[in-house]
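Right after this note come the structures.
One chain, chain A, appears in both complexes that follow, with chain B as partner in the first and chain C in the second.
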Partner chain A sequence: MSEVVQYFLAGLGIGGIYALVAIGFHIMWSSAKAVNFAHGDTLMLGAVLTIVFLDFGLPIAIAIALAILVGMLFGVVLERVAIRPFATQARSIGWMLTTIAIGIMLESYTTISFGAFARPLPSPLVENPVIILGAGIYPQELLIPIAAIAIVAVLHVFQRRTQLGRAMRAVAYNREAAGIVGINVTGIAMISFAMASALGGLSGILVAPVIQASATMGLLLGIKGFAVAIIGGITSAPGVVIAGLLYGVIEKFVDGYISTAAREAVGFSIVILVLMIWPQGLFGRKEIVKV
Partner chain B sequence: MNNREVPLLEVENLSVSYGKVEAVRSVSLRVMAGDFVSIIGNNGAGKSSTLKAIAGVVKPSGGSIRMEGKEVGSLPPHKVVRHGISLIPEGRQLFADQTVYDNLMLGAYSRRREEAGSLETDLDRVIELFPILGERRGQIAGSLSGGEQQMLALARGLLSRPKLLMIDEMSLGLAPRILATLFPVLERLNREGLAILLVEQLATLALKVSLRGYVFENSRITISGSADDLASNRQVIEAYLGRRAA
Partner chain C sequence: MSWVARHLNGLFVAVAAVLILAMPDIAGNEYALRFYTLMLIYMILALGLNVLVGFTGLVSLGQAGLYAIGAYTAAILATRVGIGFVPCLVLGMVFAGVFGVLLAYPTVRVRGVYLAVVTIAFGIIVENIAIEWDSLTGSWVGISNVPKPTLLGLPMNHKVYFYFVGLSALIAFAVNVNIMNSRYGRAMLGTSQSEIAASSLGISVTAMRTLAFVLSAVTAGAAGVLYVFLNKYISPDIFSFSDSIRFLLMVILGGAGTTLGPVVGAGLLSYLPELLQQFGEWQRFVYGALLAAVMFFLPRGIVGSATDLLQRFTSRPAPNRTASSGKSIGEIVGVETVGAGNCLEARNISLHFGGLAALNKVDANIGSGKIHGLIGPNGAGKSTLLNAVSGIYRVSSGRNYFFGEDITKMKSHQLARRGLARTFQNTEMFGEMTVLENVWTGFYSDYRTGLLSAILRLPAYRNEEEKFRKSALDLLEFVGLSDSAFEKAKNLPFGFQRRLEIARALATKPKLILLDEPAAGLTQSEIDDLRDLIIRLSEHGITIVVVEHHIELVMAISSHITVLDYGEVIAEGSAADVQADPKVIEAYFGSPEMLEHVAGDKNSGRSAPEGAS
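The block that comes next holds the complex of A and B.
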C-alpha cells in the first residue's frame, strides 16, 4: 500500500514538471503556431542561474526573480531571432532547427561556464520528508503538481476575463480576424513567449531541489514536456496538465515495478499509441491551418 | 456631419497581386464623409481583395490608400483600425470559441485607455441595434445562427468606433428575412453619419440602399456613378441585375 502511494505521489511530483513545461508549449503554440524547442533549456537557465546568483551572495528571493527574468528575456529574444524570421510563411519549419540549435549552444555554453556536474538547489522543502499513508515524500514534490494546477487555473481565468487573455485566444483562433479588430499579432506572440519562458524558468527552479541543476537537465524534461503537450492536446491547457500528471505517475510505476531502463521505453510507447488513436491528443481541438 | 464634400477614403491606382495573379488592377475610388458606397461585380472580380488591401490584411503591390489625408497603404491591420477603418470580413470570421460578450470586447480592443469610459455606452448601443446579442451575451459565438453571427460581426466591427465601415458580402448564406432586418440597420447607421463601403453580390439590394456605386469587372472598375444611375444602366442591368431587369 505504502509503495503504491509512494509511486503515485512521486509521480505527481515529476508529472507536475511535465505539466508545467507542457503549459509553456501550449501558450507558445496558441499564439505563434510555433514553439521553442529549447524550452527545456529555459528550465535549466532558471535553475542554474538561481544557483549562480546565490553564489554571488544574493538573497534567495532576488536570485529567483532575476533567474526568471533572464529566462523570460531568453524566450523573447529567441522568438525574435529564431522563430519570427522563419515562421512568416505558413508551414515553414525552419524554426524547429533554429530553436533546437540555440538550445544545444546554450547547453554547451552552460557546461563550459557552470561546469559539467549537477548541483543541488537548496530548498527548505527538501530537508525533511513528510509521511503520507506510509509513504515518505518531500513537500517540494507535493508543491509542484499543486503549482501546475494553480497556474492552469489562473491561466484559465486570465484567458477569459482580461483583454490580453481574450486577444491571445483570438490570435490562437484566427490571426487574420485578430488583426482586423486591432490586435497586434506579432506583439501577442512576443508576450506569449515571455509568459511561457517566465513559467519555464520558474518550473526549473521548482524542480531543481528534487532532481538537481545541471547544464543538461532541460533536455529530457523539454522532450517529455513536449510529448505530454502533444498527447494532452496542445490546444487545451487543462488537457496538457492532466496528461503531464498521468505521464509522471505511469513513469514512476514502471520505474518501481519493472525497471528504470523500461521507463522511457514504456512511456514513449504510450505516447505513440495515444497519438495513433487520438491524433489531436486526448483533449485537443482539431487545428484548422489557414494558408 | 453629412458633409459629403469631404473625402474620407481616397484609393488611387491600387493594385493587389497574389504571386503572379493580379487580383486588383489600378483601382481608384473614393468614399466621402457620410457616404454610402457599394461595390458590385462577379466573383473573383477583385472586390474583396480591394477591401482587404484597404484594411491592411493584404499588402498592395502598388498605388496609395489615404484615410483623411493620411497614407495607410503600408500599415498592418491593427494600425489601420486606429485610423477609423473597420472591416466586417467575408464569412464573418468571429472568434467562434469565445462568448458573444468576449467578441464584443475584442471589437473594442483598439480603443485607447482614455476612450475606455465610453465602452459601456457603446456596448449598450450595439445591443440596442441587435437586441438578440444582449440575450445571448454569455453564449459561445460559434453556437449562434448565421443571422446572429452576422449581427455579432457587425457589432464587433462597430465597437472600434469606425468612421468608415467596410462590409464584405454581408448577405452570404443569409435568408431574405434576415437581410430585411440587417439592411435597415446599415441605412440607420449611415443616416447617423457613418460612412459605409459595401461589397455585395446582391446588387439590386446594394444599389437600393447606397448613394453611389462602382462596378468591378476583371480586377478593374468599369463603371461608376450614383446608385440610381447604375440601377438604370443597361450594361449593369444585363450583367448584374439580370433577373429583375424590366
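The block that comes next holds the complex of A and C.
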C-alpha cells in the first residue's frame, strides 16, 4: 500500500514538471506554431544559474529572480534568431534543428563552465520527508504539481480577462486575422516566448532540489515535456497539465516495478499509441483544412 | 555543360566505382580502410533517409532506431543462431522494413511536428529496449564476438568487405536516383508539397508515405547490419537520439531532396569526429555551432545551393517548339466519351462543422457531358459542396453517386482514379517542381509498370516514362503553357497557374472536372481564353462543373445552373430561369423592398457578383 502511495505521489511530482514544461510548449506553440526544442535547457539554465548565483553569495530570492530573468532572455533571443526566420516555412525542420543546435551549444558550454557533475540545489522543502499513508515524500515534490495546476489556472484567467491574454488567444486562433485587427503578432510571439521561458526557468528551479542540477538535466525533461504537450493536445493548457501528471505517475510505477529503461520504453510507446488513436492529442482541437 | 548536367549521376557512379576500386591501395592501412568502410555505411544510411526527408518531406528524428534494429538483428542472429553474413543482411533489412511499416502507420493521421514526436519516441523506445532486454541484447555491455563476414562460404577480409560495402553504396545510390526520376519520386515530391493536390491526382498519400518509410527503413537496416560486421561489436549507446540528429544533419548538410547531397553530407560528417578532436572539451559546442551554421547559411545544403547557383548561370533547356502537334485533348489522354445520364449525383447531403450547417440537405444532379454552373453569394457553401463530393470532406448525412456508384465514403485519390478531377480555389501547385513535372505527376495512375521496373529502369518502364512525358508536353501545349514547361511552378503568374492546374487535372483522364473559381484573379482576356478552353473540353465529352463568381462567364457557358445560399439549393435551371428567379435576386441583392432603399448601392454586406444585373 505504502509503495503504491509512494509511486503515486512521486509520480505527481515528476509529472508536475512535465506539465510545467508542457505549458511552456503550449504557450510558444499558440503564438508561433513553432516551439523551442531547447526548452529543456531553459530549465537547466534556471537551476544551474541559481546555484551559480548562490555561489557568488547572492541571497536566494535574488538568485532565483536573476536565474529566471536569464532564462527568459534566452527564450526571447532564441525566438528572434532561431525560430522567427524559419517560422514562415511550411516544414518545421528549420526551427527544430536550429533550436536543437543552440541547445547542444548551451549544454556543452555549461558542462565546461559549471562542470560535468550534478549538484543539489538546497531547499528547506527537501530536508525532511513528510509521511503520507506510510509513504515518505518531500514537500518539494508535492509543491510541483500544485504549482503546475495553479499556473494553468492563472493562465486561464489571464487569457480570458486581460487584453494581452485575449490578443494571445486571437493569435493562436488565426494569425492573419489577428494581424488585420491590429494585434502586433510578432510582439505577441516575443511576449509568449518570454512567458514560456520564464516558466521554464522557474520549473528548473522547482525540480532541481529533487533531481539535482546538471548540464544535461534538460534534455530528457524537454523531450518528455514536448511529448506530453503533444499527447495532451498542444492547443489546450489544461489538457497538457493532465497529460503531464498522468505521464509522471505511469512512469513512476513502471520505474518502480520494472526498471528505468522499461520506464522510457513504456512511456514513449504510450505516446505513439495515444497519437495513433487521437492524432490531435487527448484534448487538442482539430483543425479543418480549407481548399 | 548540359551534357555533364544530364549525365551527372551516371558520371558520379563511374568516378565513385573507380575510387572504390582504388581505395584499399590509397588507404594503405587497415585502420584507414575501416574508416572509409564506415563512411560508405553512413552514405547508405543517408541515402535512405533522403527518401523520407528529401523526397517525401517527413522529418525523422529516430532513424538511429531503425539502424539499431538492423544492427541488433544481425548481431543476435550471427552470435546466437550462427547465421551467416548474407542471410543476416537480408533478415536485418526485412526486420527493419517491418518496423518501417509500423512507423509509417501513424503518419496516416499524424503530421509535421506530431510526426517528429512519433519518430523521437520510436528511437528512444528502441534504445531503451536494447538496454532493458538484457538476455537478448546484453544491455549496456552489448554484443561482442560477432564473427567475420563470409560470402559464398568464404571469409571476407577487410578489402573484400570494403568492396562489398562499396557495391552496396553504389546500388543504394542508383536506387535513390531511379526512384527520384520516376513516377514514385514525383508522387512523393508532390505529396510533400501539397497533399490535397496529390490525392486529387489519384495518388494515395498514405501509400507514398508508407513506401518512403519502408525504403528508408530497409536502407537503415542494411546499414546497421553492415556496421555490425565491420565493428564486430555493438552497444546501445551507438544508437542514441543525438545519433538520429547526426544522421539527419548528413542529409541536410549535403542537400535534402538532391541525389548527391546525402553522399556529400555523409562523407563530410564522417570526418567530423576527427575534425572535432582538436577542439578538446569544446567538441560538442563546435558540433552544435556547425549544425546551426548549416541551418542558417546552407538550408538547402551544399549540393542544393550549388545547383541553385549553377542554374542561375546556365540557360534552361529550350522548350521544344518544333513538336507543335496541335493534338486534341482526346488524342492526348484518350478521354472516353460517356453516354447521357447522371454523371454526379448528390442525394440529400448535409455537412456540419460543429453546430454550423455548411450544407443542408442538398440535392444536385450533374448531367453527363454538360457544363454545369454552381453559383451563390460568398459563404453559400459552393466550395464546401465541391469538397464534399470530391472526397475532401466527409458528409454528415446523405449519399453521393458517381455514374451510379456510391462514392460517399471514398477518399479523394480513389475518386480521382474513377475519373473525378478538380482544381482549387487558391491553386495547389507542386511549387518546387517544374510545370512539366506537375502535369507529368498527373499521369501517376495511368502507369502499368511498377516500382521494381522503375528501380531497374526496364525498357517497358522507360517507354512509359517517355510516353507520358510527351503527353504532358502535349497537354501543356493544349492549355498554352509550352513556353513555361521548365519553369518552377511557383514562379508562374497566377493566370498561368490556373491553366496548369487544369492541364494537370486533364492528365488524370477525367470524366468530370470540378473547377473551383477558375476565373478568379484573371484578366478579361484570360477569362476569354478560359471560356474557350472550357468549351473545348466539353466538346470532347468531359463533364464540367464551374463554381464561379464571374456570373457572365457562368451564364455564357452553362447549360444548367444551380444556385446555393446558406448551404441550401435555392434555384436550379437554365441561365434564363435562374436569372429570373426572385429567390436568386433576393439572395444577391436582398428583398425587393430592401432593394428600393439601397438602389445602386452594392456594398450591402454581401458581395454582389459583377455583371449579375
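Quick note on the criterion: the second predicted complex is superposed on the first by the 281 of 291 C-alpha atoms of A that agree within 3 Å, B and C clash if a C-alpha of one lies under 4 Å from a C-alpha of the other, contacts with A are read in each partner's own complex, and residues count from 1 in each chain.
One rule holds for everything that comes next: a residue touches a chain if its C-beta (ideal position, glycine included) is under 8 Å from a C-beta of that chain, and two chains touch if they have at least 3 such contacts.
Bear in mind that the values here come from a model prediction, so they are computed numbers and not experimental data.
Q: Once chain A of both complexes is superposed, is A:P120 in touch with chain B (first), chain C (second), both, or neither?
A: Once the two structures are laid over each other on A, A:P120 reaches no partner at all.
Q: Does the superposition put A:A177 against chain B (first), chain C (second), both, or neither?
A: first
Q: May I ask you to name which of chain B and chain C touches more residues of chain A?
A: Chain A has more residues touched by C than by the other partner.
Q: Quick one: is A:I112 in contact with chain B, with chain C, with both, or with neither? Answer first, second, both or neither.
A: After superposition on chain A, A:I112 lies in contact with chain C alone.
Q: Taking the superposition on A as described, I'd like to know which of chain B and chain C A:A167 touches: first, second, both or neither.
A: The first partner, chain B, only.
Q: Look at A:V185 in the shared chain and tell me whether it touches chain B only, chain C only, both, or neither; answer first, second, both or neither.
A: So A:V185 only meets chain B here.
Q: Name, in rising order, each residue of chain A that touches chain B in their complex.
A: 160, 163, 166-167, 169-170, 173-174, 176-185, 285
Q: Which part of chain A faces chain C closely enough to touch in the complex?
A: 35, 82, 85-86, 91-94, 96-98, 100-105, 107-109, 111-112, 219, 223, 226-227, 230, 258-259, 261-265, 268-269, 271-272, 275-276, 279, 288-289, 291
Q: Looking at the complex, which residues from chain C come into contact with chain A?
A: Spelled out, the residues of chain C in touch with chain A are 53, 57, 59, 61, 105-106, 109-110, 112-114, 116-118, 120-122, 124-125, 127-129, 131-132, 196, 241-242, 245, 248-249, 252, 281-285, 287-289, 291-292, 295-296, 299, 353, 383, 387, 392, 424-426, 428, 516.
Q: Would you pull the chain B residues touching chain A in the complex into a rising list?
A: Against chain A, the touching part of chain B is residues 55-57, 76-78, 81-82, 86-87, 89, 93-98, 102, 105-107, 109-110, 156, 160.
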